[in-house]
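The two complexes that follow have subunit A in common; it is paired with subunit B in the first and with subunit C in the second.
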Partner chain A sequence: MSEGLFTQLLDLACGAFLLAAVIVLWRRELTAIVRVFALQGVALAAIPVLLGVHERRWDLVVVGVGIGVLRAGLLPYLVRRALTALTAGQQRYGTDTGESRETQPLVNVAASLLTAAALTLLAYAVARPLVELDPTPETQALPVGLAVVLIGFFTLVTRRRALSQVVGFLLLDNGITATAFLAAAGVPLIVELGVSFDVLLAVLVLQILTTRMREAFGTTDIDDLRELHD
Partner chain B sequence: MSGVGYVAVAGQVAVVAAGGPLLAGWMRQVRARMEGRVGAGVLQPWRDMRKLLRKEPITPVGTGPALRIAPALVVATVAVAAALVPLLSTDTPISDRADLILVVALIALGTLALALAGLDSGTAFGGMGASREMTVAALVEPTILLSVFALSIPAGSTNLPAIVSGTVHDPARLASPAGLLATAALAVAVLAETGRIPVDNPSTHLELTMIHEAMVLEYAGPDLALVELGAQMRLTLLLGLLASLFAPWGIATSASWAALAVALALFTLKVAVLGAVLAAAEVFWAKLRLFRVPELLAGSFLLALLAVIVSYFLSSES
Partner chain C sequence: MGEVSSVLLLTVPTALPLAVAGAYALAGLRPRTGSVLAVPSTAEPVMAGGRPAPGTDGAGRMPTAVREAPPAQGRHLADWAALVSPAGILACAVLLALRVSGGRALRAYSGLLRADALTVWMLLVVGAVALIACASAPAHLADEGEAGRAAGGSVWRFHILVQAFLAAMCLAVVTANLGVLWVAIEATTIVTAFLVGHRRTRTSVEAAWKYVVICSAGIALAFLGTVLIYYAARQAGIGEAWALDWPTLAARADRLDPAVTRLGITLVVLGFGAKAGLVPLHAWLPDAHSQAPAPVSALMSGVLLSVAFAALLRYRMIANAALGPDFTRVLLTVIALLTLALAAALMLAQRDYKRMLAYSSMEHMSLIALGTAIGTPLALSAALLHIAGHGLAKSVAFCASGRILHLTGTARIGRVRGLLARAPMLGGAFGLAVAALLAFPPFSLFASELGIARAGFTAGMGWPVAIALFLVLTAFAAITARTARMILGPGPGPHADEEPSSNLWPLVLGLAACAALGITLGPLAGLLTTAAHTIGGR
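Presenting the complex of A and B:
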């Protein structure tokens, strides 16, 4: 693969990765959010695959395919299953309890979009010294990873529904993975495997927790969790 | 050079002025066919205009000069902008002055004139429409500026013909993330600026949610014809700008008659296709609630800002 084509494809993947994070912040429907999250997984998987093909490191390609399967297939599937489990009840009783939508985020959508713009600028400002150390196409895309970390964290703290918080957590993790690939061409395989299984387990546990929350309180609004019980 | 150049400028203004109503008629026709109606025909806006121009000019009692000069100002600003934007040719006698900021300012001047006219009419609807139009415009103008800035960074100039001819010679610029983000942002901004669904509904007169129609309720006769012509020309101009920036193939970069003829045919085709796509999309979309509009516009502003950031930092060649 020629240098110019590699740079363009890498930029395209990073652009799609950042755009997906922004759209997650923009949309309210949880089904749409999960779909966009799956697309982001594809863009994330493209980064190590491109790096691997460019540097002829086939283990990176394998890691990329694995990440693609996990983040564009398995995790969205699990979140979607939790979502159908949550909305099944309300369809049965014909009431809209707002489980499938993020109706009232703590910061309204227009303000959170502007915050995302500010966070992206912050990520670029912070990453400047790192980029100047070694200005290759990969390191120049490094701020994208940092921006997604910040946006994911912002989603995590401003959303009320348990499932959108899960998506925020996964965004954060996607950002960390992208940063690792862009800065250091990936962490050792064993660490990557460990992190991936960690995320998978966390999502599984959170899925069960969400269902239990719904059974106990009738909603997954995190604000209702104020009292401690034994 | 000069002969072809002057013809190109005159041609751009003439195409936008004559083609604006045709484009509006074409979009209504596409929409009617998709909804299972026969439609009034592509020439209907021109027939409406002929009818309006024959009527007696009437100005409401107690209105000032703002109401009277606004229609002429709207048409004049769009005509000057049409002469500047490289719709047909990038090599015209005035292409040195076709600066991006000037074009956006001209479009904003037209918007402002209409909003002032809405306030001047003194009715409740006029004031409401004017305040809504300004709310939308405050978010749309920076979006247009930023999204074209994203394209002007690789070209190294805010001169529109320079940007367009740069893109013609190096189409790879458009496939970059900055190009895609800027396209999306500018498309949303054009929808909002021309008052189409999902921001405003161009075919209603009796809704509390209308924006553009609320401002022009007091107009009648030839003035209304001018206001309508201005709105249709603005739609043509902005769709043409979108086409020139993101699909610049066929625009004449040299002064030759053949290139100009090809550019004219391709421009008609591109704008007609864009109009048909927009009309088809409007059949399937619903208008957004007014309080959701700032959300959409903030989103498109963010896309434009990201486009600028990305084109500034990510382009490793420069």
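Presenting the complex of A and C:
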């Protein structure tokens, strides 16, 4: 693969990666959000695959495929399954509590998108020393990873549905994984495996807790979690 | 021969709790192979026995959701088996202590596991606190069973998750790889989630949700920080296999790029600080600690916080070599004082005694952070001693609070009166544990707080230490007033509801150990000095 083509493809993958995070902020339907999240997983998996092909490191390609299976397949599947369970319960009770929609996020969509733009600028500002340390095509795309981390954090704190928070957490995690690949071609394999396993388990735990929340509170609106305070 | 034994000593602290967890899983599985299942009526795929049980969906809906209690003898054996791993951890720690004297370190699995004096010190604390917590667990489980809250499988699930929790903490302590350290600390969040949310009530589901979301997101920041340090290390010419190895990084940190390291360390401090109960990501702590079963609260408060903080101690070495000591000093001082102010303010208006103990944990973690910020050998030794003293005293206080909750049926401070008259031993143990937390002599927290204050004044950090002392005094007043109200005064009736002494020996043991540490360090003195030396006290 020629240097120019590699840079273009890498930038394309990173652009799609960032765009997916912004679309997650924009959409309100949880099913659409999960679909976009899966697409983001594909873009994320493309980064190590491209790196691997470019540097002829086939282990990176294998890691990329594994990341793709986890982030574009398994994790979206788990979130979607939790969502189906919630909406099925909703139909059973015959009430519309809006489980499948982010009805009233704390910050409205226009302001969210503006914030996403501001966070991206912030990521570029913060990442300047990182890029300057070793200016290659990979590290020049590195601010994208940080931007997705920040957008994920923003999603986490402004969304009110339990599952939107899970997606926010996963965006955060995707951003970190992308940063790791862009900065240093990924962390050592044993750490990567451990991290992926932890993320998978965390999502399983959150999925079960969502069900329990639904049973205990009758809704998965985070604003209703106000039993514990001082 | 020495090679084999060091591999063994480094493996056992993690492998033994995992093996015990596996044994519990098998034992919990065996009676279930009959027709009856321990899963309650809900059809969700419960993590029966700590892992997704295949076929739960089909069998769980069977009408026979009730299972006869395990036979008393089996139950008894199960309770004692939980003590195997704390004992094993302590034994390994003692054997390791003999071999790391003089600042040597043992390695195994090509540097993945490594023990130095800090590791041994933390293993001793983990083992001692786990001994207290696991020995108090049978009484707690018996109460749950009595109250009908323990659906058959939940006893096994409790044991499995607690053992897995111990394994994760030991792995976090014995690994030298900063990536594996992160994985182990995140694993503690995952295994304790269902211990916090064990009751499925609104409060415990809420606490578990906040716990998992805040801790996972917070600690994700620490991973981002780790990634940035890895990047800086690779750019500094350290090979892939060694770029996350703590001794390598600590030795060659002066070559790391300062700007990248600064960003990475800030994220790491925020991230592991979340797990150690420091601001700004502390919000999970009072909820989780007040909702978890008492033995789990004891473990979380007594050691999990300090295991996460031990990670910060390691990173501080790297940061100091790369950036000079001022960066972490300022960062940790600010965080410590903010945490302390917040904890003291919230304790002033506290009405729940378990939450009061949780905020007291934040108070003590911020003192440890302050000691670390000061960074002289005296301050670091005092901070490490404070970790041990706080672990022992807080685990006793939480285990006693669990017994009080069972006795009185309320967690409200205002509704508990005359504990000393009602149950003299239990009230006494709780009162003494709180006195230890308030740093009364002879308990070791007196010595360590004094050490931190003295070191601060000599190191020219008089102002932060003075502010901290004022805030500690505020917390002191708040805790004293509330505890006095709980334990003094006339009892509610003529009869005394004394606990059987079999439930109280772990508490007495913990208090005795805490007091002994305060009087003399004995053989531990050398270990403590070496450990402080390891993390930069020279």
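Here is the rule we use: the second predicted complex is superposed on the first by the 225 of 230 C-alpha atoms of A that agree within 3 Å, B and C clash if a C-alpha of one lies under 4 Å from a C-alpha of the other, contacts with A are read in each partner's own complex, and residues count from 1 in each chain.
By definition in this document, contacts are C-beta pairs under 8 Å (C-beta built on N, C-alpha and C of every residue); 3 or more make two chains touch, one makes a residue touch a chain.
Only a predicted model underlies this, so the values are computations on that prediction, with no experimental measurement involved.
Once both complexes are superposed on subunit A, the partners subunit B and subunit C fit side by side without clashing. Contact with neither subunit B nor subunit C is seen for A:62 once the two complexes are overlaid on the shared chain. Set side by side, subunit B and subunit C differ in how many residues of subunit A they touch, and the one touching more is C. Contacts of A:12 after superposition: subunit B is touched, whereas subunit C is not reached.
Of the two partner chains placed by superposition, A:107 touches none, neither subunit B nor subunit C. Taking Cα centres throughout, subunit A sits at the apex of an angle toward subunit B and subunit C that amounts to 150 degrees, reported as a multiple of 10. When both complexes are overlaid on chain A, the residue A:124 reaches subunit B alone and has no touch with subunit C. By the document's definition of touching, neither partner reaches A:32: not subunit B, not subunit C.
Of the two partner chains placed by superposition, only subunit C is touched by A:133; subunit B is not. In the superposition on chain A, no contact is made by A:42 with either subunit B or subunit C.
In the superposition on chain A, A:141 makes contact with subunit B only, while subunit C stays out of contact range. Between subunit B and subunit C, the shortest distance over C-alpha atoms in the superposed arrangement works out to 19 Å. Within the complex formed with subunit A, the residues of subunit C that make contact are 42, 44-47, 52, 112, 177, 179-180, 182-183, 186-187, 189-190, 193-194, 197, 200-203, 205-210, 212-213, 216-217, 220, 223-224, 226-228, 230-232, 234-235, 240-241, 243-244, 257, 259-260, 263, 286-287, 290-291, 346, 349-350, 355. Residues 172, 175-178, 180-181, 294-295, 298-299, 301-303, 305-306, 309-310, 313-317 of subunit B are the ones that touch subunit A when the two sit in their complex. Across the complex, subunit A meets subunit B through its residues 7-8, 11-12, 14-16, 18-19, 22, 26, 108-110, 113-114, 116-117, 120-121, 124, 131, 135-137, 140-141, 143-144.
The part of subunit A that touches subunit C in the complex is made up of residues 85, 126, 129-130, 132-134, 149, 153, 156, 162, 165, 169, 172-173, 176, 179-180, 183-184, 187-188, 190-191, 194-195, 197-198, 201-202, 204-206, 208-209, 211-213, 215-217, 222, 225-228, 230.
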